[in-house]
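Look for chain A in each of the two complexes below; its partner is chain B in the first and chain C in the second.
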Partner chain A sequence: MSLEYRQKYVFGADYGTSYFKFGSITCGEEPKMIENRGYFPNKESIIQRAFGITKEIIVGDEVPLYLQASEDLSSRLIYPMRNGVVEKNDEKAWKIVKEISRYGLDYFKPAEPEFKGFYLVASLSSIAPRYMYEKLFQIYDEISDESGLIKVATIIPQPLAVAIAHKTTTCVVIESGHGNTQVCPISRYPIRNAIVAINRGGGDANAITAEILKDSGYSDLAHEEAFVIKAKESLGLIPKELERAIEAAKKNPKKFKARVKIPGTRITIELEENTWVRFLIGEYVFDPNHEVFQSYFVRGMPRPKDVRVGDMVFRGMLDFGGSIVEAVERCPIELQPHLYREILLSGGNFCWKVPPESLSDFAIDPSTKMKLLLKKKGITNVKVNTTSMPQYSVWRGCVIYGFAVPDDYAWNWERMEGWLSFE
Partner chain B sequence: MSKRSLGIVASGQILFEVRSSSIEVDSLFDQLLNSIKSLVKFRIQKSDSYSFYGGKISHLQFFNIDREKTCVSLRFSRAKSKFLDNLIKAIINKVGKCRMNCTLKAKIDFKNLKSYLKENAKWFGELENSFSSKINIKSNEIDLVAYPGMNTVSFDCEFRRSSSPRRRAPSQIVNELLKIGGLNS
Partner chain C sequence: MNDHLKERIKSYMKSRGMEALENFSSGFDEKSDMTFNDGMNLIFMKVFHASAFQNRNAFLDSILRSLSFTKKANKVYIAIPKVYASIIDGKIFQEYGLGLMLYDERTIEEVFQPKVFEIQKPEASNPIVPKEFFEELERLKDRVSSLEQSVYSLKEELSRIKLDNKLKEVIPNTKPCKVEERIQVDEDLPSFLKDNPWLEILSKRGREQQSYVS
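Let's turn to the complex of A and B:
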């Protein structure tokens, strides 16, 4: 197939734990994003029967419209992935994965008669076991049989997609999403034995923000995720040095003041005297070990725990600097300096507003914070970059990869790369 | 160009062919880069990415088609209309012709655009979340696809050095699409 065909019909699909990002190469710089979940409606309900609604699974933007009794949610509203992994024998979860895949491909299905199927590039967590690749290819085979939407497909690890988007073959990618963080050294391909996984992501930043809002008198609203996310994005600051930042903010709270108006409502958040708490949000993402967080854990905020997923342990409390050092030190010594010289931060958890100039002595960006954390571990001579639009860099990498890989590069189960054809 | 259209940015990809025997990877790109720099003010290079005032180019890739031809691909992003014109100009001055796929993100009136295309396009097709057409805009034959739910319009078009100046300017297509979509009156 010609490159002109691929110029129109490459399709990227990033299967994040919490969000599925997808889109064809023609949708620009930003993919479409839906929650990685599915709802199994009660087919016996009179409404379903009266209106002839026959879908077994609801995914995408329609899910809220189908939600029924809240006591049913735990059995009907299913999130198929946990820390990037779908359990091998979880039939419902795999049905959802198939449905969101079909939903995504259908959304971008073109009307042109010359369309003969997408060049699909999917990405999974770097720790995804081989059976996930097998199951996903099986799903694609089924979708292709049913609808002809897939011409060929390949699957790549998410950190590799980020590295591809940055055209760098030797680096460390820290991919931090909603649920977890993967630290992955890459030397032509992810060094699987060196991957460090952290059970901490944007969702944990939301948790500390919710506690801060409760303490500030916004308890009712602290239960609404959309509100909490808005507050986190507007209030959160990454401290250069936490104790110094807190001290400065306590001495002069007005200097660190922020006012957040929730659009479409009369609600405005103001932290008054407690503007120092803004720094807790940023610090918690990078390093939750400071004693200031103990009071939150004692009061019931979930402490990020170590969890085992397959043969990988996701560490809860490991700071991001320590995780990079640990991952790099599992690699050959000769490679290590090269890895430190190209560290890429990717994922929605690294999307932070640029702090105002007036606070630059105390508030910094994610790259600078990472350098400081590494410096504390004795690692200097590092280069850290945050990818542009970090929440989409995996998807972008998928699209670039899809265009670059030659047609005749067939899938190989030993190398775990290449195109699998569904023609 | 109206003030409103200046706020629209584009992203996409350009493909062109060169003779394999004449190609030297580094020098071709250096020549192109210098041509673009003579037309647009250069800002900064970061790894594989070159930022100009008005747009960015990146991800230069080479694909061997056969012994005689090599296809070159280049991505652009955050591009203003004028930058696109200069980019195309630099490329077709060097290699004669190229094919661009360009995506615009804009809150245009998709109902207007759809009605216009239905009446004027050579071909029109529609699905639940998108509509596509083949249409002539400002003497350029373009393949267009729109995703109203994502406020996105993408078009595919060939540009040639041998064409008239108006037909070598992507901005003409962009402006016309925005005009039809109610953003550029």
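Let's turn to the complex of A and C:
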């Protein structure tokens, strides 16, 4: 098919744990976003029938319209993905994945008679097991049969898409989300054998924030995830050097003071004398090994554990600097310096507020922290950047991939790349 | 009832195979707002407007009176504005065999169908249909439903087999290398496509040896 066809009909689909981002090449700089969830309505309910619903699953912006205040949501409102993975035998979850895929494709369905289906590029977590690829291709086959909306499809790992969107052909992408973090070296292709996975993400930062809130007398708030997240975002600081930062804050707590007003309430969080704990939040994300965290583990805060998911072991306590070194050292030696020179931080767990100028001696941004962690490992001459527009990078990478890869590059299960045709 | 709504309802019912009967006398004290015929059944419809919901007792009274239509019509519909759907318990309607339709400015929808009541024969102009006809029709419906189920199962199985074959196939890239079409990015395309070294790299996928892969 000609380049002219692809200029109109490439379609990107980023299956994130929380959000599904999708759109054709013609939708501009930003994709459409819906929550990655589905609602199974009660077919006996008059309300469902009243709105003429015979659908088995509701997805997209319409979901809130169908939620009823009194119902038990846990069995009807389903989030199919956990840490980028859909359980193999979870039928409801896979039905939702199919429905959101169909929803996305339908949303951008062209009216032109020349349209013979999209060049669909989907993206999954780099740790997604093979069965997820198989299931997703099966879904696309079904959708293609039903509607003719897919001409060819492929699936690429999210770190590759991030690298493509950032115009960086040799780099290390660190994708850190709510549940886990993946370190993936890229050199024109993802170097799959070098991927390092860490069982630590934004959710762990929430956990330590909750402990801090409990210690500070805000036990009630500590149980409400939304409040904990708000506190984390407002209070959390990444220390340049933890012990020095704690000492300075203990000597002069007012300098590091922060107030967090919870919107819609009269509650205000203030840490008074214990402003030094703000640095624990940032440090814990990057390196949970400092002895100061032992007391939290002893008191019951879950210690991040090593877990095995399929063939991949997710390390619990590995610091981010160590994870980069481990990943890079699995790559050919001549490639390693090039990889260190471009490190990309991606994902919500790397989105931190810029620390105030008055604290710049003690609080830093994620890129600087990463450089310091690598320096401790003896790695200098590194360049670390946080991705701009982290929510859209993967989708953009998918669109670029679909635009450029030739038609005759067929899918191969060894290399896990290529087009699968549904004509 | 305003004429516009009446016309819309007539159109909708006609699309479902039901013709409106004008000036039909039910012989009842309670007047049905509209009457239809589908060739086999006489159908009454009581249409409620927003004003009917201002007085709850009057509304309930009207609903209960409408139940009496089941003695003179094969099917009875109640039509109400969609915004009031939440105050109606559909199960009660269904228990009494009433059908429910909802309408708003743009749409008319049948929420559930009424039961069919056997009554005295309708007006002489309507054809007489023997009871055996309906029994045979039900049997045919069951058979069609069973066939649909079988077709659906076969289709699913075929889909699985097709995909299995596709996924097992390893198509070697045996086509000769073409002269590469230089990737040109139109001005209309998004900015993230421009000045991207990946375009050149990706355009050569399958045409060069991979240096660094798993």
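Some notes on this structure:
One rule holds for everything that comes next: the second predicted complex is superposed on the first by the 278 of 423 C-alpha atoms of A that agree within 3 Å, B and C clash if a C-alpha of one lies under 4 Å from a C-alpha of the other, contacts with A are read in each partner's own complex, and residues count from 1 in each chain.
In the analysis below, a contact is a pair of C-beta atoms (placed from the backbone, for glycine too) under 8 Å apart; a residue touches a chain by one contact, two chains touch by 3 or more.
The structure displayed is predicted, hence computed values, not measured ones.
Contacts of A:Glu29 after superposition: both chain B and chain C are touched. Contact comparison for chain A: of chain B and chain C, C touches the greater number of residues. Look at A:Lys167: by the touch rule set out above, it reaches both chain B and chain C. Using the contact criterion defined above for the overlaid structures, shared-chain residue A:Gln7 touches chain B and also reaches chain C. Contacts of A:Val354 after superposition on the shared chain: neither chain B nor chain C is touched. By the touch criterion defined above, A:Tyr107 lies against chain B but remains apart from chain C after alignment on the C-alpha atoms of chain A. In the superposed model, A:Phe403 makes contact with both chain B and chain C.
Chain A uses residues 3, 7, 25, 28-29, 167, 400, 403-404, 406 to touch chain B in one structure and chain C in the other. The touching residues of chain C, when paired with chain A in their complex, are 82, 85-86, 88-91, 102, 107, 109, 111-112, 159-160, 162-163, 166-167, 170-171, 173, 175, 181, 183-184, 186, 188-193, 195-199, 201-203, 205-207, 210-214.
Within the complex, the chain A residues that touch chain B are 3-4, 7-8, 23, 25-30, 32, 106-113, 166-168, 400, 403-404, 406. Residues of chain A that touch chain C in their complex: 3, 7, 25, 28-29, 44, 46-47, 49-52, 134, 137-138, 141-142, 145, 163-165, 167, 169, 187-193, 331-332, 335, 396, 399-401, 403-406, 408-415, 417-418, 420-421.
Chain B contributes residues 11-13, 15, 47-48, 58-59, 61, 63, 71, 73, 75, 77, 99, 101, 103-105, 125-132, 143, 145, 147, 149-150, 152, 154, 156 to its touches with chain A in the complex.
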